[in-house]
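Pasting a structure here, questions to come.
A, B and C are the chain letters, set down in written order, and residue numbers restart from 1 in every chain.
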Amino acid sequence: MARAASTRSRIGWTALAWGIGFLMFFPILWTVLTSFKTEAEAIAAPPSFLFFDWTLENYGIVQERSDYMRYLWNSVIIAGGSTLLGIIVAVPAAWAMAFVPGRFTKDILMWMLSTKMLPAVGVLYPIYLICIQLGVLDNRAALIIILMLINLPIIVWMLYTYFKEIPGEILEAARMDGATLKSEILYVLTPMAIPGIASTVLLNFILAWNEAFWTLNLTSVDAAPLTAFIASYSSPEGLFFAKLSAASTMAIAPILILGWFSQKQLVRGLTFGAVK
Amino acid sequence: MGQIKLNQVTKSFGDVQVIPPLDLTIEEGEFAVFVGPSGCGKSTLLRLIAGLEDVTTGHIEIDGRDVTNVQPAQRGLAMVFQSYALYPHMSVRKNIAFPLRMAGMDEAEQKKRVERAASVLNLTDYLDRRPGQLSGGQRQRVAIGRAIVREPAAFLFDEPLSNLDAALRHGMRMEIGELHQSLATTMIYVTHDQVEAMTMADKIVVLRAGVIEQVGSPLELYRSPRNLFVAGFIGSPTMNLIEGAEAQKHGAATIGVRPEHIATGDPETSPWSGTVGLSEHLGSDTFLHVHDTGLTESITVRADGEVPLRHGDKVGLTPIADRIHKFDAQGLRIE
Amino acid sequence: MATKASTSAARLMMAPAVTLLLGWMLVPLTMTLYFSFADYRPLRGVFEPWIGFDNYARFTSSGSFWDAIWATLIMVGAILAITVTLGILLALLLDKPIFGQGVVRILVIAPFFVMPTVSALVWKNMMMDPVNGVLSHVFRFFGATPFDWLTQAPLTSIILIVSWQWLPFATLILLTAIQSLDGEQLEAAEMDGAPPLKRFWFIILPHLARAITIVILIQTIFLLGIFAEIFVTTQGSFGTRTLTYLVFQRVLESQNVGLGSAGGIIAVILANIVAIFLMRAVGKNLDA
């Protein structure tokens, strides 16, 4: 057991850590604060930190002018749909690799990982072309499938590492107890794996939500999610600081909250189980 | 119910044959223990019987029925795993009832059987707890409970006590033994611990590298080990094995004498003598490790009670003549 | 180790995932490869299926290719150096007994969850704007002349933005690794007379080596593909055109698909070189 640190050094470290934490968080904090200012206060010099007239008008205007809800809905559908689809495809695969490893299981896992490393630009035009040919450019279903595919390796890997932690003997016990493959997965594996599946869902929802290569390149209006919504604010006519802040806040708020719940899973998911 | 017969069974993983052709019969109601060092194939053999692994060639019969290609659940066997393999998300009650639920038994009958098993195993007060809230010994009992409710033709135990501490292990050993007495069902028990094998078994099957070295009752194995491997494996402390001139005197390549079959005496008049190295005083017994005997590096002697010998003392040793085991150059017993 | 029945069930259950990924990898990649040997400019209606290695030659001989490689290397290298160094320091700090550790952790990690377009936009307008950005206010407060970050130091600005996004990732992974260090090892080192700096150098750093390797490799994979941050801020001007962005411009902006595809294939090859090292690091873990 570590010795109790002296209170003085503890206060020192605490001050330093809080200072750095504040600095890291400051851009987000500042954006959120600015979103509650009027446009005039947003460009006041020197800016006021907390003592301004708080207002919600920017949120109303952003929603009204650019139909925030539609983009939000697209984000939810695309991130949620691709995650759900990914889980449905990945659970059986991860089950098989974790509990019935064959000679090539390891190679398959490594190969799946390697597809994640394919740079998106390498396949940009073919995907673009295929989408045009199939008439699914700017289409939510197409994005759901594409985001599912780019995150599938991560989903399989995460589930695999979680399933690996479930002792195979328990599944064998279920088999001895007369469980069919279906009841084995339904009554034994799934309940035990729920925390792992939940973390996987969470992390992949976040990754899909923030994905900004395919969503920017394959959408224009109908299927555009929040990433594209925000990018549209980079054009000069949209440059009103308070409104920009309100739009940004709305785009990141849902995921920041989810993200804070998923810190631990983040490490495992993004390192493919190499760091736990 | 419960005769298990293995007929020319083999098992290979890839190109590696872990079980060469093997025949074995376990009689109804027998308590059979598979014992051997780790990696000897004893667990694999158990899993073949359970149906958790396919045999590569050969046949397995249970009560005269060929079950070689029958699913594990349909073989009528129950298994207790080394890690207990309890379902962590289910209460003790649900764990025990799981095989019954899978068999589609009606709820009232399930409840009756679970409660009967719980009372036999002293688990009645814990039925609504989760496995995580139980001690090691209690978990072990839940695993056994899950096995007995099915009223199987035979129980399979895969090193069930290896995760328990020494005191609990002793208690559970007795409980399993009593369970066998009361149920009179065939049990196959895998362990690497020869003490467990000796104390529990009707029949011990000693395995090495997938090959059966000897099958017999504990005392048969103790009294007349068929070869050097069994001689060294069964008995604690292990048998003293002596080669060279002393063995040739008996017309053997190697002779073996168990520590308890050597008497201590006057170094001048005894056939063997040496210096006491380490002496372990257990109270009831004393183990002496005697060096410089000129026979082998160290001879272990078990003396009854409190022997006043200590490090550096000279001691004479006399093996009991009719308790000397003789082995030929191939390591096989000479009668 | 299993029975035949479960092995065939397993094959069946793996099939959808494997097939989908195989298709996802092979079909578009084959097309890119095919286009990379063609003169294909859809807007002008040009399509000549085989022009040999012309596209590769043109792509690699143009000045913008080498500029892009250079920009990519500087960007990735600088971001890695910043995130790893600061990440180690931050992880060490967060491992100290501090009050409200959980909250500080959340504050530090937050930037990672900000979507790339938002963080680029927030930094561009809220932080780095020459008139109204917070940094300008700070400069003015100290009597310095405000600085137009994105025009005067565009590459540095983007490095700063992306580092801010990825520092949480490095910190979190390194913190996890530090916390897995056996405290008794450090106490043993202390008993052996190692002062704090030596304990860091001889015990903590070697323990972190693996985690650091993984952070570097994974970040490299993601950083090579940085897109939104450039798209939103500089649009690839002022020396911030990375290889990814260059290929994007060739393919979608000027619609020279043949040339862009050659660039895409080059990007794939470069990414794979990094990937091989990452897979080795991860693969080692699979055996353990």
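The rule is short, and it goes like this: a residue touches a chain if its C-beta (ideal position, glycine included) is under 8 Å from a C-beta of that chain, and two chains touch if they have at least 3 such contacts.
Which chain is which protein? Per UniProt: A, C = Sorbitol/mannitol transport system permease protein; B = Multiple sugar transport system ATP-binding protein.
The structure presented is a predicted model; accordingly, all values stated were derived computationally and were not measured.
J.: Could you say which chain's mean Cα position falls nearest to the mean Cα position of the entire protein shown?
T.: Checking distances from each chain centre to the full centroid gives A.
J.: Decide which interface, B-C or A-C, involves more C-beta pairs in contact, and give its chain pair.
T.: A-C
J.: Mind checking the centre-to-centre distance between chain A and chain B? Centres are C-alpha means, answer in whole Å.
T.: 53
J.: State, to the nearest whole Å, the distance from the C-alpha centre of chain A to the C-alpha centre of chain C.
T.: Spacing between the chain centres: roughly 16 Å.
J.: With chain centres taken as the means of their Cα atoms, state the distance from chain B to chain C in Å.
T.: So the centroids are 56 Å from each other.
J.: By residue number and range, which residues of chain A touch two or more other chains?
T.: None at all.
J.: Touching at least two other chains at once: which residues of chain B meet that condition?
T.: 52, 71
J.: Provide the list of chain C residues touching at least two other chains, using ranges where the numbers run on.
T.: 2
J.: In the complex of these two chains, what residues of chain B are touching chain A?
T.: Per the touch definition, chain B meets chain A at residues 14, 50, 52, 71-74, 77-79, 81-83, 85-89, 98-99, 102-103, 146, 150.
J.: Mind listing the chain C positions that touch chain B in their complex?
T.: By the definition above, chain C touches chain B via 1-5.
J.: In their complex, what parts of chain C are in touch with chain A?
T.: Within the complex, chain C contacts chain A at residues 2, 6-7, 9-11, 13-14, 16-18, 20-21, 24-25, 27-29, 31-32, 35, 90, 93-94, 96-101, 103-127, 131-132, 134, 137, 140-141, 164, 167-169, 172-173, 176-177, 180, 183, 210-211, 214, 218, 221, 224-225, 227-228, 231-233, 243-244, 247-248, 251-252, 257, 260-261, 263-265, 267-268, 271-272, 274-275, 278-279, 281-283, 285-286.
J.: Which residues, counting only chain A, touch chain C once they are in their complex?
T.: That would be residues 1-2, 4-5, 10-11, 13-14, 16-18, 20-22, 24-28, 30-31, 34, 42-43, 45-47, 89-90, 92-93, 95-97, 99-100, 102, 106, 108-110, 112-130, 149, 152-153, 156, 181, 206, 209-210, 212-213, 216-217, 226-228, 230-231, 233-234, 239, 241, 244-245, 248, 251-252, 255-256, 258-260, 263, 266-267, 270-276 of chain A.
J.: Going by the contact rule set out above, which residues of chain A touch chain B in the complex?
T.: Within the complex, chain A contacts chain B at residues 103, 167, 169-170, 172-179, 183, 187-188, 191-192.
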